[in-house]
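As structure tokens, here come the structures.
Here come two complexes built around subunit A, the first alongside subunit B, the second alongside subunit C.
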Partner chain A sequence: MTSPTLERALPERLAPGDRDRLKRQVPAGVTLLAFIAMLVVCGAIQPVIFSATGLNLVLSSIVPLVIASLAQMVMMSIGDIDLGIGSFVGLVTAVSATTLSGTPLIGVLILLALIAGYGVLGALVHLRRVPALIATLGASFVWYGLALFVLPTPGGTAPDWLLAFAAWTPSAFPAPVLPILVITAAIWAVLQLTPVGARVRALGSNAAVLERSGRSALRTRIITYVIVGVLAVLAGLSLSSQIGGGDPTSANDYTLISVAAVILGGGSFFGGRAVAWGSMVGAVTLGLVSVLLSLLNLSSNVQPAVEGGIVIAALAGRLLVGKVLR
Partner chain B sequence: MSTTTTAPDLVVQVRHASKTYGPTRALSAIDLDIRAGDIVGVVGHNGAGKSTLMRLLAGIEPTDSGTVSVAGRSKSARGGFPGARMAYQETNLANELSVGDNAYLSAVGSPRGARWRKHAEERILSRLDEMFPGHGIRAATWVGDLSLAQRQMVEIARATLDDDLRLLILDEPTESLTGGATEALYDAVRRMSAAGVAVILISHRIREVLEVAHRVVVLRDGAVASEHAAAGLTEDDVLRAMGGSDVEIVLPVTGAVSIDVPIVAEVPARDARTGTARPIQARRGEVVGLAGIAGQGQEVILAALWNARERARRRVKKAYVPGDRQRSGILPLWNVADNLNITAMRSLGRWGLRNTAAEREVVDRWVHLLNVRGGVEAQMAGLSGGNQQKVIVARAFASDAELVLLDDPFRGVDVHTKNDLYRLIRDEAARGRTVVWYSSENAEMRHCDRVYVVRAGRIAAELRGQEINEERIIAESFVIADDEEVAE
Partner chain C sequence: MNFARRLVVPPWAWSFLFAALVLLGIFATTHTVGTGTIGLALSLAPYLVMVGSGQMLVISAGPGNIDVSVPQVISLSGFVAVSVTSGTGSITLGLLAAAGTGLAVAAISVIAIAFIKIPPIVATLASGLIASSFTLTFANGFDAEPSSALSEFLRLRLAGIPVIAIMTAAFSVLLAVALHRTVAGRWLLAAGQNGRAAELAGVPTAWVTASTYFASGLLSGLAGALLATYIAPTADLGTTYQLDSIAVVVIGGTLISGGRAVPAGVWGGALFFILLDSFLNLIGWNLAGQNILKGLLVLAVLFLAGGTAGVRRGARRAAAPTTEQLDIQPAADARR
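Right after this comes the complex of A and B.
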């Protein structure tokens, strides 16, 4: 009862691989368009932005947000969400402005201990089945308390090497592009090209697959949380280099902006998706909002509202394009 | 019976294995021996203990008492007994990962080096080529982008990725496969058997089991009811052994709805041969079937019916029974009553408040009528697949919907349950409901008044009453080369 022509024709009709691939790229693509549009508007108002120094100025304040968004992206790729990342980044700036510049060795040890703390958090979430949302929310208060203990009022001085990095302005290219691209590429490579990355994404997509293949979901979750911790420390150091010292509350708004950046970049609340490049573009786009507002001579107080508008518009655009493609 | 038992080594040895979940005894004192190269069919109703037995054999769960040993080991490692692999009915794949990455995660002995992905992709593709020639699957495609049939192929192929495969368990492997792919799968199973792999085949398609298996094990109420050599065994024999002595296929009087009865639902469609417009219509009290090969656009038609605006100003109330109950059908953490009620509660309540007494009555009636195991308070996730399906079907019919859309809801449901549900559909149609029913099982279409055979999104044929039979449906489902040329 088989017809050979049908057997061959059917799967091809059902699996238009290129179309599917395109559909996957759409979310980040829409965000990229928004990013380019904003850049063009900014450039039209203030052409100096397109020079290396101009881009340097614009992008340098965005670097910590990009790194924090990549951390959030890793977290969301396993279906968890990190509500403590803002406080954690603030804590890292406090450590950086005090211990790290005073007694570097102890500072490094403290940072490593904080990363280990993330691993413990992951184990807790997995073993006790505490929702990540709750665990990281609780952790955010712990991070904040520790930060206040280390540095009660904003101040201190970042280590010299961090300050030197912040002051580095090569003429050939805008310096902030380097950490942004390198870290994004590294995270992309880890998640997409390595077996560990496949396990992380599988944990978010269908944890049963991992368990049934004899691999430890616990270990995978801990690895994921440690990666998040490492990235959050890098984000904190980068922020500390920007503000020249430490401030426990300096990164509070990173928590929700990083989630928005991941969603803008094509991530999902349900896990399984890990779009490093998209999250990077999402973070840069959101970071550009304040630049655009200041160029338009609008009060920076409306910044959150504009950011929210962009998130909603980009998501609506993404749904629209998705519908057209289907 | 074929004698493949020249190799006397036992791959599976189960002795007095029992398993209970809470108050329900899923398995009681099971004994089972399977030798290398055996193909054993395991049949039984939903809830007979098949899935539980398979979980024990795969080593995912331990026995409460008794012993299970597979390939000489009685203790399973993490991820199951070494050498025992299972292709799951609901598939064990990560949808957001590519076919190759899934193969990497699933395969035993994947290398960790730089070529891990390339290696996994080559491995799964060569296995797919071998088992399902012409599968059309690319290794880089996300599993979520594959059709149901392709996903099933990947699931089966990935379960065989073990160089030291001793036992392969196939749980309803052909539910989503086309006829050709099914044949190909069973050819591959026979080859594996010849190479010494023991294969367990679980299927509700008893004819397939009898064709492929050497032996048939019948489970009933958590125990082995009987074991038979497959040679000379008939479908009726098996059904009777399953406890199906009272199974009779109730054929209704169909095709009797007159033209005067108002049309409840209509969507535009085209004729497959001529390309001219030919709407799909359903009249009040009619059971309309959508047949044809899976994935030819039947779901699209159902979706169009669901979204259609009525000609009349009056809104037609509709209910939808999904086929993929895990994904879109059940609220796993709610109990049976709430799952059943969720559509009906709005029409039962008044002034926006729920009428709990009336709800209770409706739930009791349906749970009793369809004999849902576990009762009203049971948690949905704890029910067997067939019982979950009953609840979902009851949910649609308990509402006051005039039009009920069925999206192949009876895949993997046992004969008894199916017969109950078929009768229910006819009774409800007789009360004036309209049912549009897509099924991948052609035999089911005999319960319809009228059947549209769908091919490539178009209507290949419209069959009525006595014209509805498997041969006609199959004949119309497949593309005939000359035919196509006329259409172009």
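Right after this comes the complex of A and C.
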């Protein structure tokens, strides 16, 4: 392959100055403020949510969305966007509720094949130079069709080990915090500390430099899509453990909400930006909306409007903060 | 070679070719060459064409421009139109209210895009979410009946061809003329091809971009009103239009990177999708198979036609090596 010196030199050349690095975290900081504000409001109305059981209840339904948002973040870090992720997560829940619990070996093979499918999609997007937006949109029809093929109506049962994981409630800390933090930290480490991560970020910020340094942009894009596929499978398994079975349409909202979470977390459509903790906070904030509304005794009809309002308000706040910093 | 291919075959031809192939498949399966299939397809296509035309205008305004609030606008304006018409007894007021609903949702998107600099996909997502709250509130115990006069009009046929299809076709012709023969149309295509260059040439790109979102909101609003009358007002009336509106635009030969709008192609794409649905129903495929085939066809069209766009994309790459990867980006001004 390539010389180790180059491999090491690449992240350095891409490393931004400290000031830039700080600026990169600011948008996520604004979202973090919104998140804390919501948590305080929730806590003021219902102090019980600050206990381990309370947080467990509040956060458990948000875990799959957080993982899906991290997948979207990886995709957006190379400047692509995944409009099929919601259908894909739905497909994974369907596989989980049928094949994976019935014949685990075949279930695992199917999931691996789906991840490979993501890699092929990435290769085709790269080789045919088509917009990822449309390719993933086309793929979403395929994912949805496959999900209906596996599981025509919502139902089935998730594998026992997934259900056991969902039922796990340690008294020391809220259980959902563990997968959220572990997966966020893992993605941060992969993107920021490993040579593969440096290549993924390089593809997003300056593909020409990546190619000139002897690295294959095609391989990097395939690797990126495979990472997205792996994360999306984890999101699907997590969702399946929550709902106890499978539902092809259960994650349709994830497609666009995950994009919003990444943007709230400081990501951009330009690529080259991967703020893992920001995307995590963005996803948790959007996920908290339904909790807040039920605490405020507001109709769930209002939920979409509040989500939309939060997205607009947080981005307006970011614009203001950005102007002040400049 | 790509260049030659582009000269010989107009960009909309492929979508009509696909639609014709599916039609042949239907004729072969039923062993009859009937006009019934075409008539049915033509009575369903106008709504998708209206919505798709709006989406086409938005996409043509340049990279990153997309309207994902379409399904929520359709559902909401369907409810608004039906309730206003049944309340006042006036079809005109109902249609105006639906158009106003579409414009109001578009106004939220435009404010978010132009003033808060939110990327269009997120801005239209947010405005769509806001619209869907109103839809859900409307849907609770909604019992107004759609106007039967309008419903009859939508089923009216002249020589076997639905009148609404003729009207929509006339609109598409006007749209094509407007895009290529009027200053506003030229502005839109110029802004889509190169926003920076267009702005330096004196094109008010911000206004042009904003008006495409208003046009999309207006068309989705009207389509929602008609669709709610033709079928029934429901909260998920517009759901399938999210993906379909984008897919028919792309299949129709409109460049996803902007700057080339093909109104005829929207018809080809819409007829292709609708005929494909009836063909697959005919040969007994279930929803699963239909979706898988639909997706694979979109991907096949996309990956095979990838070379067509290559001419433009190649040129862009030579000028600026990094932009090639950025299939979606906020308005060009952010790159300065």
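By definition in this document, the second predicted complex is superposed on the first by the 304 of 326 C-alpha atoms of A that agree within 3 Å, B and C clash if a C-alpha of one lies under 4 Å from a C-alpha of the other, contacts with A are read in each partner's own complex, and residues count from 1 in each chain.
Operating definition for what follows: a contact is a pair of C-beta atoms (placed from the backbone, for glycine too) under 8 Å apart; a residue touches a chain by one contact, two chains touch by 3 or more.
Keep in mind it's a predicted model, so treat the numbers as computed, not measured.
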Subunit B versus subunit C as contact partner of A:A198, first or second or both or neither: first
Which superposed partner A:R273 touches (first subunit B, second subunit C, both, neither): first
Contacts of A:V324 with subunit B and subunit C, given as first, second, both or neither: neither
First, second, both or neither for A:N206, with subunit B first and subunit C second: both
Contacts of A:R24 with subunit B and subunit C, given as first, second, both or neither: first
Which partner, subunit B or subunit C, touches more subunit A residues: C
Which superposed partner A:A167 touches (first subunit B, second subunit C, both, neither): neither
Contact residues common to both interfaces of subunit A (with subunit B and with subunit C): 204-206, 208, 271
Touching residues (chain side subunit C, partner subunit A) in the complex: 64, 66, 68, 112, 116-119, 121-123, 125-130, 132-134, 136-137, 140, 243, 246-247, 250, 256-257, 286-296, 298-299, 302-303, 306-307, 309-310, 313, 321-322, 324-330, 334-335
Contacting residues of subunit A [partner subunit C, same complex]: 78-81, 124, 128-135, 137-149, 152, 203-208, 256, 259-260, 263, 268-271, 299-309, 311-312, 315-316, 319
Residues of subunit A defined as touching subunit B within the complex: 1-15, 17, 20, 24, 193-195, 198-199, 201-202, 204-206, 208-216, 271-273
In the complex, subunit B residues that touch subunit A: 60, 77-80, 92-97, 101-102, 104-106, 110, 112, 116-117, 134-138, 140-142, 145-147, 149-150, 178-181, 183, 293, 295, 456, 474, 478-479, 481
